[in-house]
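Scrolling down, you'll hit the structures one after another.
You will see chain A twice below: alongside chain B first, and alongside chain C after that.
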Partner chain A sequence: MTRLLGRHGWVMGLTALLVLAFVFTKVIQPGFGASGLDSLARATMPFAFATAAMAVVVIAGGIDLSVASMMAVAGVTAAVLMDGAGTGFSVLALLLVLGVGLLMGAINGALIVFTRVPDIVVTLAMLFVWEGVALLILNAPGGAIAPWLRELGRGPFLVEWLPRSFVLMVVCIAIVWMPLRRSRLGLSIYAIGSDELAAYRSGVSIGRTRIAAYAICGLFCAMGGVSISMATGIGEPIPGPYLMASVAAAVLGGVMLGGGRGALLGPIIAVIILRLVRMDMTLMSVDPNIATIVEGLIMVAVVMLGGLLAMRAAR
Partner chain B sequence: MRRLLATTTALVLTAGFGGMAAAQDGYTIGISNTVQGNGWREEMVCAMKAQALVSGQVDSLNIAHRNTDAAGQLEDIRNLVEAGVDAIVLNPANSEALNSAIEDAIAAGIVVVAVDQAVGAEGAYILSNNQEQYAYLGAKWLFEELGGSGDVVYMRGAAGAGADDDRNTGFQRALSEFPDINIVQETFTGWQQDQGKQQILDYLATGLPVDGVWTSGIDNVIVDAFIESDVPLVPIVGADNAGFVGQLASIDGFTGAAVTNPGSIGGAGMTLALQVLSGDAPEDKLVLVDPSLWANNDPEGMAQIEAAQNPDLDPEWPVSVMIPGWTDYTMEDIIACKGPGE
Partner chain C sequence: MTPQDTASLLVRLGRFLRDNPIFPLIILLLALIATLEFMRPGIVNERWIGNTIKFAIPLAMLAACQTLTMLTGGIDLSASVGATITAFVMATQVPIMGAPLAICIGLVPAILIGLVNGFGVAVCRVHPLIMTLGTGLIATGCLQVYQRFVIASGSVVPDGLGWLGTGRTWGAPNALLLFVPFAIFVLWLQRRTGFGRLLYALGSNETAAKISGVRSWQVYLALYALSGLIAGGAGLLYVGLIKAPSLSLVSPLLLPSVAAAVIGGTSIFGGRGGYGGTIVGALILTVLGTLLTLMQIPEGTRRILFGLIILAVTTIYVRLTNQR
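This part shows the complex of A and B:
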């Protein structure tokens, strides 16, 4: 039990916090039910993918400041390719967009590995590059997403209170993450994040692993971009507020910024908590300027408390 | 662990108390806006608040006002639906992207009014400034002022924004009527004062010719840049922002024109929402507010400019703070920017 708590303490704490937040929501809004869960799941989707993308590179000891811009590229590419296309071609287009995501991420990673310029600088530069690329593809909001894809994220799944968008998000992330985590590449990603030199001495190819981590980040960004377009039905070339939100959720979710520690479950729960906090702020009609402050304070408080608990446990 | 839970509960609960509303009998209106810290949008939100207050029909406002994208606005609209508001007045981030949430809201019996830009969702009321006409009017005036030929700097809004796209359509329409006008530089100010000013300073520093400047509302800093760079002022088109209108009235030898684009359209949207809620819905779901142009070399325009001078207004705020027939608040009300219960 203690071992379980020690290993999964952070995730369990977050889960408890999430349950509390749900209870609190139900108290302030007794009518909160299936439709509320559906709104929450739909709002969570792009943030969850952005956070997963960020978490993977942070675990590998890096950071990617271009996640929101890559999402914009993926979103507009999907909207342009699928505009007026049939179902068959739109499936192909979707695969192509995921490929574009992998490629964008791999380019980021390769630039970092081969130029030896710090990741924060490279990805900051790529933030502007991908932003420009998105605008080149579509200079104003437009295009259209295939109707079947839009329907995919709508309504409940099997039971009324289980939103289809939530299931979709979990499945998409799990398909990539579950096999990866147990694979040689997954272990290498943790290894280079935790101690690069030790990883190198153990025979891990640092450069190749890093490029792979960034490519996976790009893949998640592509999923995130498509999920935004699924929600809006069009492509938007201006990146949304996903960069800072993804860093925040990753950290809140127990991913250490130095690398080597954390997983995706914690960050995903953290994303849901943060969206739920936003929803509660709206439900209580808190002054919007104060709402932002409260969101930030909750984040600092939780991470600080977690740090304190970890320190006590270590003692 | 227990302490973590106890403390977070306390934290969340304390955060919550401020918002616990008392018993209600008037309307609750939701507001959704996706640009924060921009003078025009702030005036729009203040106009909504002031109109809600003076109407006496609104108990509380539920304001979702932050910097976000269309997906974020979808979230905000759905949250407002969850909160059970009677009506939602919004400035849409995009005309097509929000339809699914707006349709959900209408299906839940909520009145939806889009201000400033149109939305495609059926059943929503639209009260909009005509953005295409806005750009066309100003550009046409500028090109005529230059005698139909000359070098013009074209300073747009935010790349990829719907309103910028509409304005570009109007600008290009005017441009096609004046084939001898040459666009020497096209920039995106992002509707940010500092960015626009730096762009024009950079251009002026090159010493390249400029006979006129069209701006998408980042205007007073452009005039400042000419003065600071010691370059003779050329005709400049801007919006009816307080700072720019002040310059049109006070700077000797400066010719320019302000095109109205009232942020107070937010107050008008509030009025429309309340009318629909009280069963007094207009026949047409689309109401377009056409802009007018005030040039300082035209006596009629100058009279408008002089009448609009108000030192109390923030320089970034549009001076047309009221829309006759649509808003009932006073200048003091909108500057105070207080809604019901504040």
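This part shows the complex of A and C:
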């Protein structure tokens, strides 16, 4: 009961923090409104998908360092396939990219299970492999995204202050996560994360569950990669700064490094908070380089705090 | 011979390779050189060997950071940033301070990065990989801010570093003057000193080491600070070789430095390996780089190959260890 309260308390605390950050933004920038929310939602989208991807594998007791590289592969694949293609084919291309994401994640998971090398080493090696694959697909930024997909992430949805990209992000994550959470597989993912041996003895197939968790991570990465390309209109083969940000947001969102705890709601709120902090610094006309340093300091501090908390929990 | 004998022979061979990875590595190195000579007859001469060693030395120094931290089960992904910062700060301070003082100033941020890494790893128990990645990001941001303050002063690479980086005496690269004592120091450190023993102890079983009275936080702090210092040294040598300080000077060496340590037989999980193998690993990677350039392999394939090499070698070591 107290643990349940504690978990909800964490999400509630984050929500309070988010509200505070919004109030602060409104104070320093009285004109902050629908357009501000729209640009915030669009900046958040790739980070949110990266965080969701990371959160799933961390819940399963692993970590995936190749998140940013897989996003780059998905982004360039989408841009290359949709370049000059009609609407019908671009829908097909989108599905194909999502399939590629699933496949990349499944390869990561399968390598971890079959080589018996720790996840951190395998995904470090795969970080370079996927980076190379992205470079092979597209040597320099280029390609094009289907116009209808670009329009999908722009403008408001129903009411003026609800950005369409935010709705899109929530729907995409919920469509994967909600059924999963309630399914047998979702339960198994939490089980292998919290106690692998106990899960094994209760009849959970560890290897298959782990591969599935990594495949879902890859799927979210593919969505994230497409969302980057949606924002820029082209494919970018060099991975962005999503790895560190996703780990920090997952930890800040209450996903314990080591596995078994947390959900996706907390990390998503954490991502929005982190993006809003960055936006506030831009609004206060802080030098972007200094803003990067501050952001890095926040992320490292969060990860350090997470480490201390995890150590406390282990004791 | 019964099947059991064959099996035990295999186990013994595996154990031998695990404990002395340097022998198969040297054979691999010679095989690579032979392939190169076969593909482009006459390429292997005194000049080529000198050049290969010259380019392998900064890599081997950077790989020393990875080797030492890997002995405790860690890794130092901020090494390339530390090296770049040292090189850049040094080169921009030379016109103001003069060479000796500028070198000392340049080494300060690198050691600082190491100390922060050590604090995060030792006290907060953050995984070294994530910790060093984070400090690397922060340090890169700081370097960009720093760059704008010194853009007017220009940058100079001191003649001494240029001589050390590119010059040769009797056909042998001058960088060996720095590297040979350095390598002997690292080998002595890991094999003969108490500090080296502590690294192996923490890497093979941290709990056991702690129960035996090792103050792990002191060791980690010293280790990561040392790693930062070595990275700074590697940066100084590399800028002497390249002679054009930039904000991403040493970044291309980060992945090969991890690969060199892994290929050299240092276990990424800690407790096994040493610097001797890493040096051969750095040579192998440099020769492999030449080979890939000759075959006109694109950059993407090169990265894929490096990643797969790390994965394959680690898998083999895991298998060998499990045969125990």
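By our rule, the second predicted complex is superposed on the first by the 281 of 315 C-alpha atoms of A that agree within 3 Å, B and C clash if a C-alpha of one lies under 4 Å from a C-alpha of the other, contacts with A are read in each partner's own complex, and residues count from 1 in each chain.
Simple rule for what comes next: contacts are C-beta pairs under 8 Å (C-beta built on N, C-alpha and C of every residue); 3 or more make two chains touch, one makes a residue touch a chain.
Since the structure is predicted, the reported quantities are computational estimates derived from the model, not experimental observations.
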Which of chain B and chain C A:M311 touches, first, second, both or neither: second
Contacts of A:R275 with chain B and chain C, given as first, second, both or neither: first
Touched partner set for A:L81, first chain B, second chain C, both or neither: neither
Which of chain B and chain C A:P241 touches, first, second, both or neither: both
Partner chain(s) touched by A:T292 [first = chain B, second = chain C, both, neither]: both
Chain B versus chain C as contact partner of A:S35, first or second or both or neither: first
Which of chain B and chain C A:A250 touches, first, second, both or neither: neither
Which partner, chain B or chain C, touches more chain A residues: B
Touched partner set for A:L135, first chain B, second chain C, both or neither: both
Partner chain in contact with A:V73 - chain B first, chain C second, else both or neither: neither
Chain B and chain C footprints on chain A, overlapping residues: 135, 139, 241, 287, 289-290, 292, 297, 305-306
For the chain A and chain B complex, residues of the former touching the latter: 5, 9, 12-13, 16-17, 20-21, 24, 28-29, 31-32, 35-36, 39, 42-43, 46, 135, 138-141, 154, 228, 231-234, 236-241, 275, 278-292, 294, 297-298, 301-302, 305-306, 309
In the complex with chain A, residue positions of chain C that touch it: 120, 124-127, 129-131, 133-135, 137-138, 141-142, 144-145, 148, 255, 258, 268-269, 298-308, 310-311, 314-315, 318, 322
Interface residues, chain A side, partner chain C - complex: 63, 65, 111, 115-118, 120-122, 124-129, 131-136, 139, 241, 243-244, 247, 257, 287, 289-290, 292-293, 296-297, 299-300, 303-308, 310-311
Contacting residues of chain B [partner chain A, same complex]: 1, 3-5, 7-9, 11-13, 15-16, 18-21, 36, 60-72, 74-76, 78-84, 94, 96-100, 158-162, 164-165
